[in-house]
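For reference, the structure I am asking about is given below.
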Amino acid sequence: MKRKNGFLGKDILSVDQFSKEDLTFLFRKTTLMKKIVEAGKKSKMLQGKIMTVLFYEPSSRTFGSFISAMQRLGGGIIPLQGMTYSSVAKGETLEDTIRTFECYSDIIVIRHPEVGSAKKAALVSTVPIINAGDGVGEHPTQALLDLFTILSKFKKIDGLKVAFVGDLLNGRTVHSLSKLLAKMGKVEFFFVAPKILRMPQEIKDQLKNRVSIIEAEKLDEVIKKVNVLYITRVQKERFSDLSIYENIKNFYIITKKLMEKARKDLILMHPLPRVGEISTEVDNDSRAVYLTEQMRNGLYVRMALLAATLGKIK
Amino acid sequence: MKRKNGFLGKDILSVDQFSKEDLTFLFRKTTLMKKIVEAGKKSKMLQGKIMTVLFYEPSSRTFGSFISAMQRLGGGIIPLQGMTYSSVAKGETLEDTIRTFECYSDIIVIRHPEVGSAKKAALVSTVPIINAGDGVGEHPTQALLDLFTILSKFKKIDGLKVAFVGDLLNGRTVHSLSKLLAKMGKVEFFFVAPKILRMPQEIKDQLKNRVSIIEAEKLDEVIKKVNVLYITRVQKERFSDLSIYENIKNFYIITKKLMEKARKDLILMHPLPRVGEISTEVDNDSRAVYLTEQMRNGLYVRMALLAATLGKIK
Amino acid sequence: MKRKNGFLGKDILSVDQFSKEDLTFLFRKTTLMKKIVEAGKKSKMLQGKIMTVLFYEPSSRTFGSFISAMQRLGGGIIPLQGMTYSSVAKGETLEDTIRTFECYSDIIVIRHPEVGSAKKAALVSTVPIINAGDGVGEHPTQALLDLFTILSKFKKIDGLKVAFVGDLLNGRTVHSLSKLLAKMGKVEFFFVAPKILRMPQEIKDQLKNRVSIIEAEKLDEVIKKVNVLYITRVQKERFSDLSIYENIKNFYIITKKLMEKARKDLILMHPLPRVGEISTEVDNDSRAVYLTEQMRNGLYVRMALLAATLGKIK
């Protein structure tokens, strides 16, 4: 059965919007994009198309990834970092800014510190909006690239053991990815976090009918069991009682020594930037994918998403 | 008779430089550009050409519009926002900066807070300079897109009733556009402004032999008569006596209720950004073109201008 | 004999890495690039390739030159000025940033205030790194464009009389260029500088076996003899005793009057930006090349370098 492009002309706002079929379609196209880039092929798929990249807060990684994706497919860019200093300073609403750039471009990628801003943009826009992070809200393309990375490695999700480690209370990345994984199959989750930074009950409620969840405060037993170890940062600023932070912080740092306990078929992931959560001595471990596959998949997924949204793949 | 491209290799500094024939030529090409974009065609008209966009003050709208225009025609860009923090900080003169970028590109678009800066640039440049706003001086491409918007709607200028509303003293947009309109035909102007922000005598002197001018402080009678209602912002900061501002400010806000008095064939324009001068409830009125035709025409006019200046259309 | 492309896949970190054969190869390609641009030809040599331009300090000239070079050859760009405000602010290491952008692009051009940063980047990168200035370290593409400018004018280096003027202690440009010139032939150097800003002994030691060196504090005798007069800025801030600065500063300003003493076949060079070291009255002297050939050669050399590094010329 040929799958339909469910992305054509659609906004990409939240992982909640994707069906399993959508994801299967997108990842088949992502694999295609990977081949194009790896073969050094020139693609003109999006020639003549223009993408506005409207960033209200800095993020060179996501910014660069989208910009590369568009140009790898022959498209053009309106690169706008530091929007805060421009029209915003003149008092213009987000809605007016969006209606401006829908006139100049075929798709708008937006990053904004306020939750719901991408949705607000989508409500007035006639061109597709891609949410590239709306504060503590969502960052769906991060979750997509993470899921693609896991699927590429393990082929199937059923029975997969996935540990999320660090600040699971505030991490939009782990919330989104856990929901996507649960959509794809019967995954076993290990949520490893300090007590005050545990996965929100609301997310667990959404997941629990479909998956098994084990919660822990320490990593040393969990690391022996899991296929995927997904690390996020525990920020000092989250703790009102710093003695608690000092007590626990080292439990969440991935070292070479700790990696010795892990499975041979593990993959170690991180959304980056990292600030010490994974020791650099681990970077050359073949199981570490955060600076290699995971990063490159960000490019491929975004290429596929742009092409699908703009109707250039079927 | 085939019209000549009077733009080839020329600087675009001021609306004063355009003859009626120039404008007719340019707008014929603008219509062509509109068709290219609306049909989703790929154009390679400016392939191999590079445009420097040299912005000494932020303006994401004009910046994005030029950048899109160049790439829609296959050209490349050197996007330089925030010039103030670069060479300027090192003490370089504008002239040296211009002579640098004329070596790297085929055309330079400049925005600078000082009146006359674009002309200064043109004096030393061997490549065409486009003035994208020189402080309270001129912003000729804004006037061109405004005129094109009016012409597209009404086909001819003779007998057209055009109201300019708001700060007519400081608004470079209304000065330029009124001069262009007067060039094209026998227009009837209505200048609606608070006493302290009336159209300068100098501009009126330039216009008066060719057009009729009626001045008013209030909009409610004028709005019933006009074909074009062009709104600009009345800035609180212009008033030394704030009680005057408080008294009059509401006369210049366009509401749904006020629009009921307007003609069916009216078009409502605004150069943007707006900060309350037009209520958002008016946005969906089919006569409101500031977020639709007017904005898109900015792209088309700039595409035509780039192609004409670089000699790629005849 | 056909020369080999010694640049393929290589980092460009320091002028020390180039052999005479490398330079001959590169400049033959530079001449080719010059012809492409001057003929207004469209090149697709680097179509499908992406260059990241990672600037941790502002430099619109070098930034614009690389960006133009890449697009003149059909390639795409990830333009990142103001990196300091992005990932760096989040505490990410330079190494992680580099490993990110090697995933999104085929080559990375970096400018960073710290000496050795480009080398640090090259150590972790799988794609070529081009050093576009690492603080008081090196800026090899500046030296390359300077050498190409001299060679284009005089064809051979043997017997050429070259004066460097200004701050020879801190000027990375003059250090690099003097080393390159010494590689190419038997040049006669004149180092003209205030006592406290003389060429470092270390550089002179590297040069002295191959070239002749004359040092002077004043320019008026030297200017009569030389073929190349290369001016750099003497910064007030370098002097703890300002009376010394006041005494000497005028000796290093190039005026029309001073140029009357110079040879007819002289070329007057400056890396820019200038802040008064060369009077603007000299700009139209046909011997002044700093705003013309020297600047344009920056574009051509960088085009050749990108094409050679990415393996698109043989």
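Before moving on, here are some points about what is shown:
So that you can tell them apart, the chains are marked A, B and C in the order they are listed, and the count of residues begins at 1 in each.
The criterion applied here is as follows: contacts are C-beta pairs under 8 Å (C-beta built on N, C-alpha and C of every residue); 3 or more make two chains touch, one makes a residue touch a chain.
Owing to the predicted nature of the structure, the values given are computational and were not obtained by experimental measurement.
At the chain A-chain C interface, residue numbers used by both copies make up under half of all numbers present, so the two copies contact each other through mostly different positions. With rounding to the nearest 5, the Cα superposition of chain A on chain B corresponds to a rotation angle of 120 degrees. Centre to centre, using the average C-alpha position, chain A and chain C are separated by 41 Å.
Counting partner chains per residue, chain C shows two or more touched chains at residues 79, 82. Those residues of chain C that touch chain B in the shared complex are 40-43, 58-61, 63-65, 67-68, 71-72, 79, 81-82, 272-275, 280, 291-292, 295-296, 298-299. By the touch criterion given at the top, residues 47-48, 50, 52, 76-80, 82-83, 85-87, 89-93, 95-97, 99-101, 103-105 of chain A touch chain B in their complex.
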